[in-house]
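What follows is chain A paired twice: with chain B in the first complex and chain C in the second.
Take a look at the complex of A and B:
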């Protein structure tokens, strides 16, 4: 009796979800194994992680604080995916949004409520402006957005590092700007109102995509531009709109980080959220609602990393673990197309 | 007058006299065969067949691609492989060329059982295949393409050396190629010769050709046939895959017919006629005949044209002019056939006519309204449907659901659109309606449309387009890639639309299809219309000549 492996043209949602779960579990198992080999007790460490993040009010608050930017950068990447673009630049747009929000927060004399509104607008606009050139280059000259958005990340990161340590630096800290004047009110504990707003954002966008004419046109344009053109859909216009929206969402995340969590601009404020957002979008399989859950999961992983550091593990251990998850997810994605069948003969 | 084509299959067609071929088969209808006293295709008892595929089976999930197929190809023979789309011809050849491994059965070459783990091993055993889509590097010269990935290519070499070697090879195999020319500058016929030369230069004894004439003009096809006869006269073998009956009868010594993955018969070509082959191939009676007669309740052809095209020119994808000043008109209730070898501007014509591609000059007037400069959406809104030539690439979003694809033309109008909203309920209802009209059973409308068969996809596209084609349908190769049954359905749809009073522009490379349906036939050659002929007392040879670039006598200036 022989078994054979066959590749099918598509996988069912159940199998694809199972492949994802298995990938994550495998990644955690491999991590546990490595921890055990290097002399740690993985069961003990896992217990620590769970009790101090999920079973503890302060732990949950920490999770929420990490969740907001991660979910939004994930949403940014997932929105771009709808039109068939890869926004690798959420990191840069995040910095741009944080930069604009800080500029407004520091230098625009306005009452706090107006200042907040201006910061929100500034965050959205800065993110959109940061992706504008890659967007136009893609729309009109077919330049790959993968490279152009990625390269602008370094520009944004260095620009923020420069102003935070240079012209805008606070005399007390030297490595960050002074506190911005406006603050987003708290929602629960350390978690600000950005939390429900971010979730609402994802849900509303998902509904718009599936229930409006515009959403239909965007999804069709993203899935097959030539078919969309054939159906009379202005593909280029939608590409520009959606990519700018994607940048704006990442910029909004950067603004929230300044106005809600850190309250000042500092170099490295993004904590790689823009890059981890790519992973969130990949885990969510292009579903905007899925981004909420994938964002929560990645926030848990990131938070676990912080807890593990207090137990004497290096940051690279966590980085390796997230890489492992992405790696195994990609393999699982491919394997979900295969079936093992028994030979008929 | 269309009796020279695939006619109605009569019941008197002879039954296959044998099911599996045997050595006693004597083949050649060709007069070029002269191997002493021994008839070429029936070598002496000790001579093994060049290729013996014995009991080959190959299974894919839920599909029997091949089951227990026995085929013998003799030295000096041109052996045709005939079958509908999906009959298993390609799978069988992929097994012979090492791309697939058989699930059961043996490949015996010159009497020795072989196993090919990869195409490289098959090439080493003397098996070469020329695919329908050439595998040439467009930016390389002919000589570079011939020497690419070939162990006999000198390690240190120059363009001059490669070209000299290529010229030598061309002489040896009697195939005319220009060694120094870039492949992108060659005609399809010339590219095919390069492909064949590349295969032959690897010492192929068995040449497999997949639908080789689909891209050729009649003259180029005749030249190919001459080259093939020359090749087999040296004791080599050719396996010729085709679905064109006349062609198969003309070129081959023996014909094997596949149906649903199984071999139905192997016959000597001399004993066959087109009707019998068609019957063997489809296993049922097919009627592919004159469909120009109107139904009793059909709307009459209008006197005024519904579409008027004057001086229409357009650029191709490469930025060069692809259409040169076309003039023609189409009346409501009329079918205008566009004949010509693929690649002579058909794609551009269908795109310009439907607003997908902008015209560089000229006018398109649809029902009195100038459409110049408008986009595809406005053409559709004016009552023009479009079955694009490559449905998966430009007519459908393969990864999206059947519902999404079915409503592609009507999502912007009620009931699917409610204000700016998209009603998923109404979309589902419309998709079920279209699937019902197309007679396609769909278990799950949320499933990606690429999971449907090509025939079902095309039926859905056709029904979707017919709904909006109140005035005109532009159908580009509507039957391409479909089997005979699905082709008949497609043609019936077009006739139905014509009888409902729409004008149809039917672009096709199948002459019989055009002759059966069209009221008039225009021939397109290198972006120009060589003439428009009434489909009465039509001389098929003249169409052939026009397809090859000769202007219709009396049609004004030549190209």
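Take a look at the complex of A and C:
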């Protein structure tokens, strides 16, 4: 009786999901081990995290507030993945959307409802503009979008930091702009209406991608560009549309953060949401509905980091753990293609 | 004259970080592996450098320790991407998040502390007397010669003039053919990815031991990503990687001069220059140098894991 290890051309969703669960559990175990070694009690900390985030109404509200930007940046990355592009620049597009929303909120005299509509348009547009150059460079000169989208993150962060501490700064705080006039109304507790809108947005996009001719062409262009081109599908046009859409979604997330949660622009407003969005999209394995659940999970991880700050842990520790989850997920994803079969004699 | 000497001196010093990291990335990409973890490796190297120099008061030991830490993290990355063949983009991003997060978590106790000992500039007799270049290049710390002379020349010779170098490049261009010719693809990939990661760690230590020289959370500031981009611009050649590092050092130096002389541009915009410059440098050559494209092209198997039993 002999066993044979085989790599199959595809992996089933069940096994891929199991691989992710194992990766996450392993990463949490490693983190717990490191915490234990450095003199903390991991079981006690985990208890604190659960009781003050999931079993507490205010904790759930905090979770929801973090969920909105994370789910949307995750959606942004997942949308780009549909056509085979990596949007590593959601962080920068988020900043750009927040920047545009603040500019409109501070300087455009309009009634609140009109101001909000203008901010939404501004957020979408700014995100799309921020990814425009990398998009055109990829579409027409085949320049890898990986680095070009990422470099603009630093430019956007510097730009926001500059206006928030410089020309637009509030006399009282010096490190942020004054409050924007228009505010998104609350939906439940501290959670604003961006919450249901973001979820609805993901579901509608998922339906469009799986049920329309456009969606089919986009998915085919992503999985096999040469076959799509041969079939007469305008691959380049779809690439441009989808990448701009991806940027616009991240910009929308930035707009919601300003108009719904923070109400002003400040340096570091994006909180690494753009980078963690990559993690969300990877956990969701490119499924736009999956992004909702992966976003909720990563919001829980992020929120745990904030809760544990009172215990002397930093947000950078959470960043490191996010990296570990991503690393183990990548390994798990690859291993999920393997099968162990028994040879029939 | 003083302006040019000053600019070049700063350019060599500032460019050294990017040049060293880019040379390391050339090694990894030449054997077919994209390592997007340079930013995280540099953060770990920068912290290791400052921690080791605080403990031993020896910058050389600090640099060596950073090389070792880079190599350890690089070996973990190489295990995942070369042995397991996991997605290189994801593993690289994960390495960046892990390295940055870990360095910031451990580095809190070193924050804002200047390095107790640094690589001091040494004037080389005779050569330092040459006008302009003498002051700008031959009166620098010893790492400068490693970065701009020893590594580029040594590695160029190794890669383009030896049998081993031919094997190494074959692994990046056509791993199946290399395998058929009896070259161990996994071994060569593992070796050079690890070596490249060690250099990235060293580049981080260069930052905290010779250039800045202290540790703070944002000390790497995207330099790892710029280094990855420079490799494309440098056409995957160690010598060109060192030169492009120098070119970026010059852009950084211009920003410094601008701030020192009070040019009417906000410092935030001067700080944007390297990122916008890098973006320009990866887009413009593709459009402008159509004829050069084949000579400067990426290794054919770049980013692709090699499975022996497929096909």
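Methods note: the second predicted complex is superposed on the first by the 335 of 345 C-alpha atoms of A that agree within 3 Å, B and C clash if a C-alpha of one lies under 4 Å from a C-alpha of the other, contacts with A are read in each partner's own complex, and residues count from 1 in each chain.
The definition used in the following text is that a residue touches a chain if its C-beta (ideal position, glycine included) is under 8 Å from a C-beta of that chain, and two chains touch if they have at least 3 such contacts.
Worth saying up front: this structure is predicted, and the values here are computed from it rather than measured.
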Superposition-derived comparison: chain B or chain C, residues of chain A touched: C
Contacts of A:230 with chain B and chain C, given as first, second, both or neither: first
Partner chain in contact with A:40 - chain B first, chain C second, else both or neither: neither
Partner chain in contact with A:219 - chain B first, chain C second, else both or neither: first
Which of chain B and chain C A:285 touches, first, second, both or neither: neither
A:211 touches, of chain B and chain C: first, second, both or neither? first
Partner chain(s) touched by A:339 [first = chain B, second = chain C, both, neither]: first
Touching partner for A:146 - first (chain B), second (chain C), both, neither: second
Chain A residues touching chain B - in the complex, by the definition given at the top: 6, 8-10, 210-217, 219-220, 223-224, 226-234, 339, 341, 343-345
Complex contacts: residues of chain B adjacent to chain A: 57, 59-61, 103-104, 354-356, 375-381, 386, 388, 393-400, 404, 408-409, 411-412, 417, 420-422, 424, 447-448, 450-451
Sites on chain C touched by chain A in the complex: 36, 40, 80, 84-87, 89-91, 93-102, 104-105, 108, 217, 221-222, 225-226, 228-229, 232, 266, 268-269, 271-272, 275-276, 278-279, 282-283, 286-287, 307, 309-310
Residues of chain A defined as touching chain C within the complex: 7, 86, 88, 133, 137, 141-144, 146-148, 150-155, 158-159, 161-162, 166, 275, 278, 282, 313-314, 316-324, 326-327, 329-331, 333-335
